[in-house]
Every structure is written in C-alpha cells, then in structure tokens.
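Chain IDs A, B, C, D, E and F follow the sequence of writing; residue 1 opens each chain.
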Amino acid sequence: MKQKRVVTLGEIMLRLSTPGFERFTQATDFKITYAGAEANVAVSLAIFGIPTVHVTRFPDNDLGLAATQTLRKFGVDTSHILYGNERMGVYFLENGAIHRSSRIIYDRFDSAFAHIKKGSVNWNKVFEGAGWFHYTGITPAISQGAADVCLEAVQAARKLGIIVSGDINYRRNLWQYGKSVLDIMPSLIENTEIMIAGSKDIENCTGISGNSFEDACKKSFKKFPNLQKIATTKRESINSSRNKIHGIIYDGKKKLKSRVYDLTHIVDRVGTGDAFMAGLIYGILMKKDDEQALEFATAACALKHTIDGDVNLVTIEEVENLVLGENVGKLLR
Amino acid sequence: MKQKRVVTLGEIMLRLSTPGFERFTQATDFKITYAGAEANVAVSLAIFGIPTVHVTRFPDNDLGLAATQTLRKFGVDTSHILYGNERMGVYFLENGAIHRSSRIIYDRFDSAFAHIKKGSVNWNKVFEGAGWFHYTGITPAISQGAADVCLEAVQAARKLGIIVSGDINYRRNLWQYGKSVLDIMPSLIENTEIMIAGSKDIENCTGISGNSFEDACKKSFKKFPNLQKIATTKRESINSSRNKIHGIIYDGKKKLKSRVYDLTHIVDRVGTGDAFMAGLIYGILMKKDDEQALEFATAACALKHTIDGDVNLVTIEEVENLVLGENVGKLLR
Amino acid sequence: MKQKRVVTLGEIMLRLSTPGFERFTQATDFKITYAGAEANVAVSLAIFGIPTVHVTRFPDNDLGLAATQTLRKFGVDTSHILYGNERMGVYFLENGAIHRSSRIIYDRFDSAFAHIKKGSVNWNKVFEGAGWFHYTGITPAISQGAADVCLEAVQAARKLGIIVSGDINYRRNLWQYGKSVLDIMPSLIENTEIMIAGSKDIENCTGISGNSFEDACKKSFKKFPNLQKIATTKRESINSSRNKIHGIIYDGKKKLKSRVYDLTHIVDRVGTGDAFMAGLIYGILMKKDDEQALEFATAACALKHTIDGDVNLVTIEEVENLVLGENVGKLLR
Amino acid sequence: MKQKRVVTLGEIMLRLSTPGFERFTQATDFKITYAGAEANVAVSLAIFGIPTVHVTRFPDNDLGLAATQTLRKFGVDTSHILYGNERMGVYFLENGAIHRSSRIIYDRFDSAFAHIKKGSVNWNKVFEGAGWFHYTGITPAISQGAADVCLEAVQAARKLGIIVSGDINYRRNLWQYGKSVLDIMPSLIENTEIMIAGSKDIENCTGISGNSFEDACKKSFKKFPNLQKIATTKRESINSSRNKIHGIIYDGKKKLKSRVYDLTHIVDRVGTGDAFMAGLIYGILMKKDDEQALEFATAACALKHTIDGDVNLVTIEEVENLVLGENVGKLLR
Amino acid sequence: MKQKRVVTLGEIMLRLSTPGFERFTQATDFKITYAGAEANVAVSLAIFGIPTVHVTRFPDNDLGLAATQTLRKFGVDTSHILYGNERMGVYFLENGAIHRSSRIIYDRFDSAFAHIKKGSVNWNKVFEGAGWFHYTGITPAISQGAADVCLEAVQAARKLGIIVSGDINYRRNLWQYGKSVLDIMPSLIENTEIMIAGSKDIENCTGISGNSFEDACKKSFKKFPNLQKIATTKRESINSSRNKIHGIIYDGKKKLKSRVYDLTHIVDRVGTGDAFMAGLIYGILMKKDDEQALEFATAACALKHTIDGDVNLVTIEEVENLVLGENVGKLLR
Amino acid sequence: MKQKRVVTLGEIMLRLSTPGFERFTQATDFKITYAGAEANVAVSLAIFGIPTVHVTRFPDNDLGLAATQTLRKFGVDTSHILYGNERMGVYFLENGAIHRSSRIIYDRFDSAFAHIKKGSVNWNKVFEGAGWFHYTGITPAISQGAADVCLEAVQAARKLGIIVSGDINYRRNLWQYGKSVLDIMPSLIENTEIMIAGSKDIENCTGISGNSFEDACKKSFKKFPNLQKIATTKRESINSSRNKIHGIIYDGKKKLKSRVYDLTHIVDRVGTGDAFMAGLIYGILMKKDDEQALEFATAACALKHTIDGDVNLVTIEEVENLVLGENVGKLLR
C-alpha cells in the first residue's frame, strides 16, 4: 500500500545565524537556511521517506524561490505554495554556550505568509492522497488570515477523515493582530487528534489548568473529545551546551516515558521539538504501538541536537540504531 | 579654526550581500555590513577628518547596536541616534558581472526609522557646532514621519545659517505612505544650497523639465533661489564589471566637467554616489574652488568602486594622489 | 497547452573546484557542486520553466543523495534515477586567469553511471508526456552500457515522435571500453534532429570532413537525413579571463550568426556550451524562428560565464533582457 | 549623577589566532582582533555603560588605525591615544583542547607602546571627569618609558582622589629592559587601592610571602596602607576544554568566596581575568557591597569563557541573570 | 649515534571532510588533507625527529604532487614514491557528534597504489640506513600487487635485520581482489616482531581465537615465533564526542595497561590508532622499557583526538608533558 | 649529468594578506603565507626541477617551523637553516584594484634573520654540489650581520667557481643599521655575474648614472668586470588590475627585448620580479641562448601575476606553452 501524504501548513523564514559562537555584534557573516516549525516536520518526514506537501506563502522574489528550492531539495511537494508581494520573514540566531543563552531576534511581521487569505488555498485539492495534516500554534498567532486558513485546513481534514496533529506551542510575542490565543486555539484543538503540548501550553491555549501534566491532559481529553494522544518533551538544561531530554506520551490511560538522552555537546537545539513531532508522526504511522513511536520520536529529537540548522537531517536507520543502541557514537567506515 | 561638524540624517540598513559572484539562490552565507546613503556620506567625511554626526532611528536590539557600533568605529557621533521597538531595514545584494546586472532586494518597510516622529529630534541641539546638513531624497520617501523630520532639519539648518545639501535621488519603489514626491521635495529643495541631481531627478522631484542638464539646472536655480550649485555624476556602463564615470558641477554660470575615470575591474559599485557626495562636501569646504572640489569628488567616487561595502574607506591622501595621478595602481611598500 | 517534458540522459559528477584562483597544490578546501553536461541542460531548462526529467545512475550513498537533491532543488524530475553500488564520478577544477589555463582532472572511470546496463531504463515510461530528448557525445564514450542505453533512448524517442538533440562533443580521453567513436556515434546521429557540433566534432564522430563548417554540415545533412539543424558556438580566447563568443545555426539552407558577446571578466566558463544547448532547446520550442532561438541561446551562453558552477542559474527574463540590450550591466534595485 | 569615567592605560596588540583547533603549522588564516589586558577592561566597562578612556600608543599606520577603531566601536574614548613610528605588538594564539594546552607566541618587543615616554601623556587632562584608574603589571614590565608613564598615572590619580586599581599579574618573559619587577611594582602598589593578585603575584611583585592567600594579603595591607581590597580568581583546570572557577575578595577582615562556575565547554579563555576585573570595577562602583560585586565579577568572568576574542562582549543584564540563575542556558526568543 | 630510519609502506588518500558538524548533504565545501594509516605513522615519527621514508604510489598529476608535498612538508623522505597513470584514492568524512556517529565513504578502488606491482620497489635501496619497517593490514587487502609488495618488504626487512611492525587492522570492505585475509596475513605476521591487534583482528587475520586478549596473544606468540610484543588500544565510547582510552602491551609474560585518558571534547578521532603506533615505535626505540613506551604511545594517541586531520601534529615535549601531567590544559604563554 | 644545486640566501617573512579586496581596516582574517625574495626564487626553481638550498635564520618557534615546512613542501633543502631566539619578520599586504594601489606594511626589524652573524654559515659545506648562488639587495640592507654573511657567500662562491646572481633592488626603508647602500653593494656586485637591475637600481647601488639603461649597463660592465649580463623587467601600470610587462637582457653587446604580455586581470603582483629571476636562472642554465632564456623568464613572470601568494607555482610546461603560445587561456581537460 502506498503511503498517504502528510500535509503541513506554516510560515518559513530566512534563518540568519552567526557562525560558531560569534555574537550578533561580532559577526561579519550570517549562515543562511530557510526553516519553519511545520516545514521542519515536513522535511524530516520526507527524509524518512514519507511523501509530504507543505503549504505556505512566499514573496515572489529570489528569497521565496530559494526557500522553495530548499523544500524541493528534500523532496517536499511545493506545488501548492502561494506567492505574493510582501516580504520574507526573517529570524536571527546567536548560538549560546555554557551559561550564555542562545538568542533569537524575530523579524517576521507583515510577511508574505501573514498576508495569506481565507479561501486562497484549495484544501480539497491539497488533501488529495493525504492521510495526515499537521499545524502548530504559531500559524494562528501570525495574522487573522493565517488563523482562518489554519481553521479551514483542520475542518477540511476532519471532513475528509484525515488525522490532524497540532503542536500548540504558545508564543507570547506573536498574537498581535487583535485576537487572543483563547479566541482561536480551542476551535483548532477541537479538530485535533494528536497534540504536542506541555501543561503550560494547555493552560495558555485552552484555559485548562491541571495539577499535573496528566491532570491537564485528562481535562483536555474531556473537553476535546476528538483528542486521542498528548505528547511532549521534557528538557533539563544543565547549560546551553548540555541538556537532558526525554519524551512523554499520554492517551488518557497510560502515560509512557521514553529513555533519557544526555546531550553532552549540543550543536544546534533549534528545531528539536519539530524533530520530535516528525518522529512521532512517523512512529504513529509506521510503528506497532505508542511506546515504539515515542522512543522513535525521542531518539529523532536527540539526534537533531547534533545537526546544524533547523531541520533534522537524519535517516530512519540512524534513529532506529539509536533506539537499539547500535552503532552509536562510532566511526562508521 | 576648528572644523565645523557635518550632520546627516537617514536610515541605515543591514546590508546582506552574497559572497563573490554567487546568486541569491546559491548563497549559503551573507556578508554583513550596515549602510545608508546619508550615513555613507558621514563615514566618508569622518575618514577625511571632518567631524560628523549622524541622526537616525534604530531598533533597540543587537542589530541596532551593531549598526551604531559601525558608525562609532569610523568616528561618527552617534549620541543623537534614537531607538525604538520596530525592525531594522534590510537590503539584500547580489553582485553582477559582465552582462549580468547587480540586483538589490529591499526589505525596509515599517522599519524603526520609518517610525521616526515629528519633534523627536532636537535639531537645535544636534546642530550645535555644525556647519553643514545633508539629506537625500530617500528619507522623505520612507514615511510621513521621516519627511517631517527631514523638513524640520532643513528649516532649522536654514535658520541657523548652516549649509544644506541634498542628493535628491528619486526611488520609485518608495513613496508609499500617501504623499507624492512632488508634495514633499520642493519644500526641501527650497532650503537646499548644494544639490546632487540629474535631469530626471530634477523632473521627478520638482516637475521641472529642461531640454538639457544645464537648462533643467537653470530653471531650478530660478525656481529655488537658495540653490547655489547642482552636481551629478555621469556613468557609462560598458557592463557590470566596467564603467566609465565623470562628475559635473554647475553653478548657473559655468558647467565644469571632471576628468573621466575608466573603472576597468569594479569591486562594488553600491555607494559610489555617496562617495561623490562626501567628496564634494569635503571639496567645497576645504578646496579653493569648484574645479578642485569636483575633481576631488570624482576621484573619491572612482576609488569607491574598488571597495567592498557601501562605505568609501579611502583617505584624503589616496584621493589627492589620484587627482594628481601619483602612486596610482602601484605596489606601495 | 501544457509544455511537454524534456528528457536528458547522462552522468553527473561531483565537481570539486579550488576557491578563487588557487592552484590544486595550494587549496585547503574544495567547493562542491554536482554537475554533468546533460543535467546542466535539464536544470537550465527547469529554471526557464520547462518541465524536465533527468535519467542517470548514482551510487546508493550520501553523495548520490546529495546529487539527487541538487537536481530536485531546481525542479528536475529525479524519479527515474537509478542507484547502484559503484562510485560517484568526480572532476577536479582549477580556475585559470589571464595566460594561465583552467585545468580539469577527471576521475570518472568505473562510476555508477558507467555501470548502467542495457534495458535498465524503461524508456517508454520515462518518455510519457515528453516532447524532447537530449544526449551528448560523452555518454556513449563512457561504457558499453552507457552507449547501449543512449541508443535505446534515441530509438525509443524516434519511435514516439519525440525530438532528439545531441551535443556530439568528442572527448578523446574517454572511449576506453573497446569501441571507437565511429563505431557508435553514427547510429545515434541517425536518430538526431538537432545537433550541436563544430567541424572537428563532425569529423571525429562521423568521419565526414568538409572544407568549411557549412560544407561539413551539408554532407552531414545528406548522410543523416533526419538531421534538421546544426548549431555551434565560436569562441575567441583572448585569454582565460576574457573571451568573445557568438553562436551559429545552420539548417542546410541559411547559416545564421548571432551577435558577438565580449566576455570581459569571466567568472566560470565550464558549462557554457550546455547553457547554449539549453537556450537553443528553449528557443526552438518557444521562439518564433531560428534567429530568435539562436540569439536566445547565445545570450544564455554569455550569461553563464558570470555564474559560479556548471549550471546556468539565469532566468528567461535575464536572457531576454540581454537579447534586447535592456538592463544590462546595471544595478537593479 | 553622571557616572565618572574609568581610565585605563596599556598596550593593545594585534591578536592573530588560528581558526577552530588548528595548530600554528596547519593554519592558512589567522583571525584578527585587537586586544590588551587593560583595554579589555575598558571595553567591558563601556559595554556595561560606564564611560571609559583608554590611553595607549599605536603605530601611525593602518594597524594602529584598525586598533583605534576597535576601541571606538565599543564606545571607549580614544582621543588621548598617542601615535608613533614603531610597530604594533602582535600575539599569536593557538587554541588547545582537552589535554592539549593553548599556546601564545608573543611578538611585542619594541612596539609603539614600548616607546611611550615619560611626560608624553597629560594625565591631568586625561583624568578630567574620571573616578577610577586601572593598570596592570604588564605595562611596567614592557619598558622604562611604560613604567614611568604608569607611575605618573597612579601618582596623578592619587593626587586627584581617583581610585586606583591594579591587576599585578607577573609575566616572567617581559621585564627585559633592565629593571626588575621588585624595582618597580612596589611604587605602583603604594598608590593602589584595589588589587587583583594571587599569592604568587604578591610574592613576585612585592617580595611578600605568606603561608596562605589571606596571610599574604594581610602583610600586603600592612606594607601598603592605601590598599583596601585584594581579589583574585581560582581556576581548576580539568583540561583545556573544561575549567571550574570562582572569585575571592578580601578586605583584610572578611574573605568572601563566590559561587563556583563549571565551565564545561570553553570557547576562549583568554581575557577572562580582565573580564573579572571589569566586573569587579563595575560591582564596586554600582553594587551595594563586596559580596554582590564579587558575584557580579565572577559571573562576568564565567561568561567570558563563551566569547571568542579577548573582550567580554556581554551585557549587564546577562551577567545579572547569571548571578540570579535566570535565563541561563536557554534559547531566548 | 645517528637514528636509523623508519620505513613505511601504504596508500595515501585524498581526505575530503565536511566542515564542522555538517552532513554530506549539507556541505558546500570539503576540507582537504592527504592521509593514510602508514603515512600517518611516518609523519608523526618525523615530527618526533625520527628520519622516515614513505613508500607509496601516486597518480602522476597535481593530486599526487599535492600529496607528495604534504609528506615533504613534514620531512618524510619521498624519494622512493612511485607515480603512475591511475587515480588518487579518496575518502569522504563526516564528523559525528554525541549520539550521531562519524561516517566515512571510501572511494579507493583501482587507485594508483592498487596498481603497484611486485618488483617495482627496490627494497634493498629503500632500506639503506633503515632500522624499522612498518605496514598495516590495509595494504595487503587492497590488491594482489599491494600484497606482493608488502610481502617483499617484510621479507627484505627480515633478511636485513630490520625490525618489522604491523598494525593488522582488518577491513572487511577491502579484500576484493580474490584472496582472503587468511591467505595473506599469516605470511606477513610470520615476519613481524611488533604487532598492533585486538582479539578480533587476531582472529580475523590468523584464525586464532582465544578466550581473552592474553590468550589470543599467547597462541599468536606460539604460532608466530618472531612476534615479540602485541599492543592495542581499548576505547570506551561514551558517545561520538567523548571517549575514554587506554593502551595495552603484552610480551607473552607481562600485560601492561596504561593510564586511562578521558577525552571529553573530541576534535577528530580519525588516525588515533596511527598516533598510538607512532608513539609505540618512538617509545620502543627511545624509551627505557615497555611501560614507558606504552605510556608515551597512549599519551600520543590521547593528544591526537585534539588535532584536525589524520596526522598527529604534536611534539615529543607535548606527549612527555602529558605523561608527566605537566602543563596539561593550560594557557601557555 | 646531474643538475648542480642553486643556493639562495635571504630573509623569509610571514606574509599576512587581507582577503579579496578588503582594506586593512575591514579585514577580520589574514591569509598566511611565508615568503621572501630569494626563497621565492628557490621555490620556483625547485618546482622547475632544479635542486635548491635556501639559507636563512628563523625564530625557534612554530612560526619558524611553519616557514621551514613551506620550503620543504616545495622540495627546497632546508638543512642549512639556522634558528635563534628572535622574532619572525612580518609583512602585511592589502591588494589594490583599478586606481587604488596595493599596499605593504613591513614589520621586519630585529628579526631572527637580522641577527644572523658573520661566520655562522659554513659556506663551503652549503656550496657542496652547488653551481649557482643568488642574493638580492634586500639582504645586505637588513643588518650588518646579514651584509657580512652575504659578502662571505659571494666571495666563497667566486672562489669555488660558482655563478653568482644578484637582484640588486634598492629598498629605501631598509638600510637603517649604519651603513649606506654604497658602502656595501659594490663589493657584492664585484663578485656578481648575472645582475637584475634597472637604471635607478644601478645608480642607487653603485653611483653609476647613465643616460639610458644601456649606457648605465655599459658603465657597470666596465666598473665590475665580472658582470656578464644585466636583465630587468619593464612594467607599464595601466592600473592596479592591469599591467603590461616585458623583459630586457643586455650582455654589453646586444640588448634583447622579450615579447610584451598584457596582464589584463592581475591576481597578485607580489613576487613577479622573483619569478622573472627564477625563470632567468633556469633559462641561462637550461636554454640554448639569452633570447630563449629571456622569453622563458618573462613568460614565467607573466604567469606569476595569476598566482595568489609570493611564489610562482607554475611548471616548466606551462611557461614553455606560454612562450610557444600553446594552450594559453584554455580549459584544459
């Protein structure tokens, strides 16, 4: 049976990062990549061999073209991307070390994606051959148009029996177009089956507060009956260069906790949540149970910490070897 | 006698240029500089030893700080710079070669500078010890606030007996805030004594059309009685890599034409007009007549074509040697 | 009407070039691109908006993957690429300057492509929706298998009424598998309608010698009745840094000669013939006559000299502007 | 009340460091910065918002200019810098890793600074608006002239009621102009109120040996009655890549010891002592007591280990967050 | 007494490694070095001051020249190198981090070295002034010719009373020319006195299996009476970025185990075995006993982990300081 | 017959050049090479296959080692190099373009070479197997010791019947140790047979002034009867990026003038005189007459303008092809 396509929606930004450990005020060059939370998921899945489609809106200039080419390079279907006159969102990244935190300066307002409009995406066409739709809490935070298009997508997906996942990460600095997070997120979550959220995300996005992660999840399952699983990663930051992580998934009955990974020499921690999400989608689609899916997702997340850029350029084989503890930290000839 | 200060006003952008001859879709790094037409003039004059002050408005983040440090590095007084919450304007540059043109993608709308407001600069304070104010046609094109502040400046300068120069270059892509160029530029030109403009700039900015550069100038002198000199550069583009340039200055009576420079291996042609402007200000202040001033300005402009970045990092000695034809194209040990 | 697809067949190599003007014995880094004569044509056409398919065979490792991603990035269909156990062909490039020639060291023997086997490509499937097939004289020179597959392709194309073009460049260092160029090329040229060849290529590949390009062409048209047009570029090498080129096309009746381009500051001359070929295919498909096609092809070839790498990263608009002499050698804001 | 200026005196060298972990015999490029122990203090304080003046002597060439521009960039007042005909001091740095030590090759003899002469600095003018003067034990070790000027400075400062601090680090390889450290240092320490010194420095510079740091300090306080506080950092070197540090300050009564920082992934340890010194000056000027000053200084020192180059490019906010344990090792969006 | 020369035989490849932590599919540049297991030993010994000769066969092009120059740079005698028409072997390296393994893609088949022929090296001439010959298990695995030449060498060495060492590492991917490892290795080991081998290498290369390293060694000493010492390194891989290593040497009577080194921040682990081998040869030649030799070898191996490239660019002084625990992990001024 | 060795004597400096066209005040990196006028000749000859020995004195540190390795890499015999405690001479290079001159900042005083002492070189040993000795006018300008050693060398060479050549370039900024050029140079020229000198050099170094180059030469031949040939290059500087050159040689009877080379796109003009010198030595040794020697020398000089760094990394074949006009400015596959 041919694998159904995974569709993602969201903004892609020009990421400009300083080389090595240079501060913004030292750098004479920026390293260029193009990335966004949802597209990171699409690319990771494409590398895992899952056919993916990313929907976004780019400026109709060479920056938009370069971003499109980045997606195409990894095999993501770019035929549904819209182009317009506005600007490319940008984010500037400075890598931290030890006690110095990494820092991001966002410059994404009024981007081509923010100008996406209700009705501009033909979701029925996009969803042909699709089995999964993924969004994040960033998209509805960008603009009314982005929120509208995201709602259209989850509703269309629901109607077509397509699984919907949402990483409902809450970004306080966004949400500046007049609506609050509580105005919008519940209607998205209503149509969501697989959710990535910590307790605070749940509280911010739904108003539900629980006395524990499990409690918050239980209340969420109750309020949003379509919800089937809530997953998240727990991160212990020893410092900027060393973290420990593990993953958690809860289906209302059984809370599973993955192995803990000690990330002793972090290369780039941006996009590690997206790597977990991609791993989880892959795991739920291809593995035999939640436990295997969670271990796959967490191992994928762990490996992402060794990759420069937002995107998790690792193969299924590498993730599975890490799950099995084989060929880890070797010199493979 | 201590040299009086030259004050400039205008936006500074983050310039991101692709290395070598890489196209936007090839580049994996951008080279970083901070530059703007008016600040380029201030920096060039500072290197020539003229005390300068630049007035602008930056975002209150590390990009604004880095831009401020760039000005300070060259000795420009940054104590009157304003800081706000908005973004840093950006421009992306791809260097052409032979028949392939160089290309700029601007991403400057809604910048911290565009949000500058009438009354936010205390011009009387800024102009303490000043003898010259310089603006360009870009500033009033950016926003109502920028136009207002620019008008405040020329009027304050006039009142204080400070010489005003304007490079009234017309940028069709700007002027999007509701006013037209003809609504604004004439009131600035009324207060301007030294103007950089070609025939088309004159027509665009004042509505005056002449059947020659001299004719357009004559009509301009008539309409704007404060105007004393109009200068410009003429460029013959053999291709992207080779141009010929000369300078012209006209005071209503005598049109002077500089030597012609054959720029056989252009390194970077951005900012060459600003280099001419800085040379002209220096020449008018320090040289004995317009002929010498023009030759100095044109030689400065010619040398700028050999410098990476917007800013003319050459010394008075180098410009004067070129005017004299001494030590040109040698290996100086 | 939807544009029919252009199919290309040929080896893609890892190109390793020294930075700037460094010699092989100086370099501490190689710049990486993936390129091949036929794929260069496919990519250029893809950038011009023509749907293209490239058929090749790569090693089943990360170098083969990176090469595949390069094609995908530009929108070339890679779904018919074969993968095997052998190595990636490599070529090393050192850029010359003035009187110092550029040099290439080939290391392409026994590559995955050389191991392509008769019958391994399903040409009927590949040619679905195709209107043009392009090959070069390099492919049949690599191995018996490559020659076989190329012959299969031209025969299948002929049967399906697909236009066949061949750039019959003769590479003396290849042809080491036991067959001579005259054993193989005539059977390919028999099925070819559009040919790129100079007099020497014609003589080497067919044994036909003429007392002029036109004479050699006339005899070729006679011997190979399917041949409709023969085109070529003429290059005057002033030195490594400056060449003059023009294009020629001859249909047996009228020899057209394009404008001459003076390439005063060459950035990279590898792949300029492929750029001409791509321009010619585009021109024959989309322009009203051979004259326009030739001017388009030659302008495309001229622009390639300004682009780092084998591939002609220029747009239709840029080529057409050069044909028209508009916006050439400017700073486009 | 306007903050009084901190004045520093000392040589600035051209620092040439190999990239990454390259050894001197591998490197094909050197990274360029300009730095010196005392100027590092001035720059760090300038970034903390304290007005600073650096006094030094540079060659009157583009290296001297580049060094001046580096100071100006960070806002240090460079108007009292002297220029002469001699050379720029240079130091070459190779970064170690794990068990391999970092190595410095000094090439600083006969520099422009070494030629500074008694009487060439008008200290009364320099000290206008100043509240603090800082020197190190390096300056008097360079040349008789440098020692003379340093003594002039501490005496003038004393007379004007300006606080004097000295980091009396002893460099055995210097002190080659005929005087010994014991000939010179005591007369400087006599005028010093805040001293950075370990037990060995005290012994080397004053002849005082104690059976503990406290004992040596006590004897120093006795011998040099102007001395008020002695501070130092203690470093445990696990290897080149990982150190632990803490700070100590002693006022003759109470010895305070700061928190210990585990520097698990060191980026650059050069200049960390200067970062401590700058933090201590800031802390003594702006914090309520020695404990807070010491914690600020030690946190500043810890953060320096994450910054490429000699200079501590961190903000007050970052240091204070580390003291408070807030936003440490995070990804700050 | 003049030190006798150490002769090594083996292939040198062009090593192309991605910068930093870039994956193969991310890299736009490869870092170039030339290296091979036996030449790494020769270079390390040359840096230690031991005269060395390397015998190999290169392509007669600029890559062969560059490789020759690399050896000459370090003082290795290159006068016995052969040149031919074939290709340079290549290996591609991607550095791992944390849980992601480092990966090597070999592209070495049919290299100039593989074409080395029996009788083409005049070993009696090569061995003039020599006291030691070193080979590895890679050479006989490459081709019949390479195996023949290696056997000639060990036999000639034996006849001349020259000590023979062999690092009998078994590479499964090689051995493709028709002979098995057991066909060849025993005849080499028969002539070997100092062997580097772990239990698995012994089993693979000789068929001897022991129930412990000591047991396998004992049986080896019995079967190969010329064998005097077997040494090896033990590596505990915490992950790609952190390993622990120690060395072992066994002479049939006493098994010595070196100090354990905790390699907390690995820069490059390729060539660390060769560094151990070079250290061991140096130690056996210059130190008073096996214990000292082993500590020297293991310390050399530990230091190699901090050096970019295959070759151990450390001095005797650095190795001895590490053995003594002096000046380790410091900033040496 | 085995080719006799060419011996050169002179200082080698660390050359630090800014990348591309960056000015000293822009650069954040220096490119590293090691070079000196006489060593440049030795390296070029070594590449041409002539055995060469270079005598110099280096600091006994890693910079001296790196410089030694650079010579060894190219096959120059470094066994007579002396090492001492002083510093490495340095020169800083900024590449010009068009009308902007290239600039060198020397920092070479008090170098290890300047401390070379009379009697420290055993010239009889150095000259074993030698047939040619080459010096330049730089060496005796550096220090009394350097002048003494140079005089020892020419006298020893003369006694042994070794040809002596001198490039008597006069550097006004040197000669600071108390002797004037006229005190020293005549005694060197007395022992010189082949001299590189223009009219001004002759005048500066000998006091002879002629009304033409030929006249000055004639007078020189008269005054210095050992002199046999005087050669020089003539350079027409169109600008920094384009020069024309030709060579001249005069033996007292016939003045030969080489072909003129139009150097249209100069990469690096430093060391071009040394390239001419090496070509001339090669030509005189290996060619049949002065005409061929001069054409070889001038072609070598022309090619040097295309090579980054001081050293002429071109082969005999490349020089001879240029003399013959074959394969010039091509793409050699």
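The criterion applied here is as follows: a residue touches a chain if its C-beta (ideal position, glycine included) is under 8 Å from a C-beta of that chain, and two chains touch if they have at least 3 such contacts.
Every value quoted in this text rests on a predicted model; they were computed, and no experiment measured them.
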{"item": "Chain pair showing more contacts of the two, E-F and C-F", "value": "C-F"}
{"item": "Most distant chain from chain A by Cα centroid", "value": "F"}
{"item": "Distance from chain D to chain B - Cα centre to Cα centre, in angstrom", "value": "41"}
{"item": "Centre-to-centre distance between chain E and chain C (centres being mean Cα positions), rounded to whole Å", "value": "44"}
{"item": "Chain C-chain D separation of Cα centroids, rounded to whole Å", "value": "62"}
{"item": "Chain F, residues touching no fewer than two other chains", "value": "23, 25, 28, 69, 103, 265"}
{"item": "All chain pairs that touch each other", "value": "A-B, A-C, A-D, A-E, B-C, B-D, B-F, C-E, C-F, D-E, D-F, E-F"}
{"item": "Interface residues, chain F side, partner chain B - complex", "value": "20-23, 25-26, 96-104, 106, 171, 173, 237-243, 265, 269-270"}
{"item": "Chain A residues within the chain B interface of the complex", "value": "16, 23-25, 27-32, 61-63, 65-66, 69, 87-88, 90, 92, 94, 103, 105, 107, 109-110"}
{"item": "In the complex, chain A residues that touch chain E", "value": "261, 263-267, 299, 302-303, 305-309, 313-314, 318, 322, 327-333"}
{"item": "Chain C contact footprint on chain A (complex, rising order)", "value": "69-70, 72-75"}
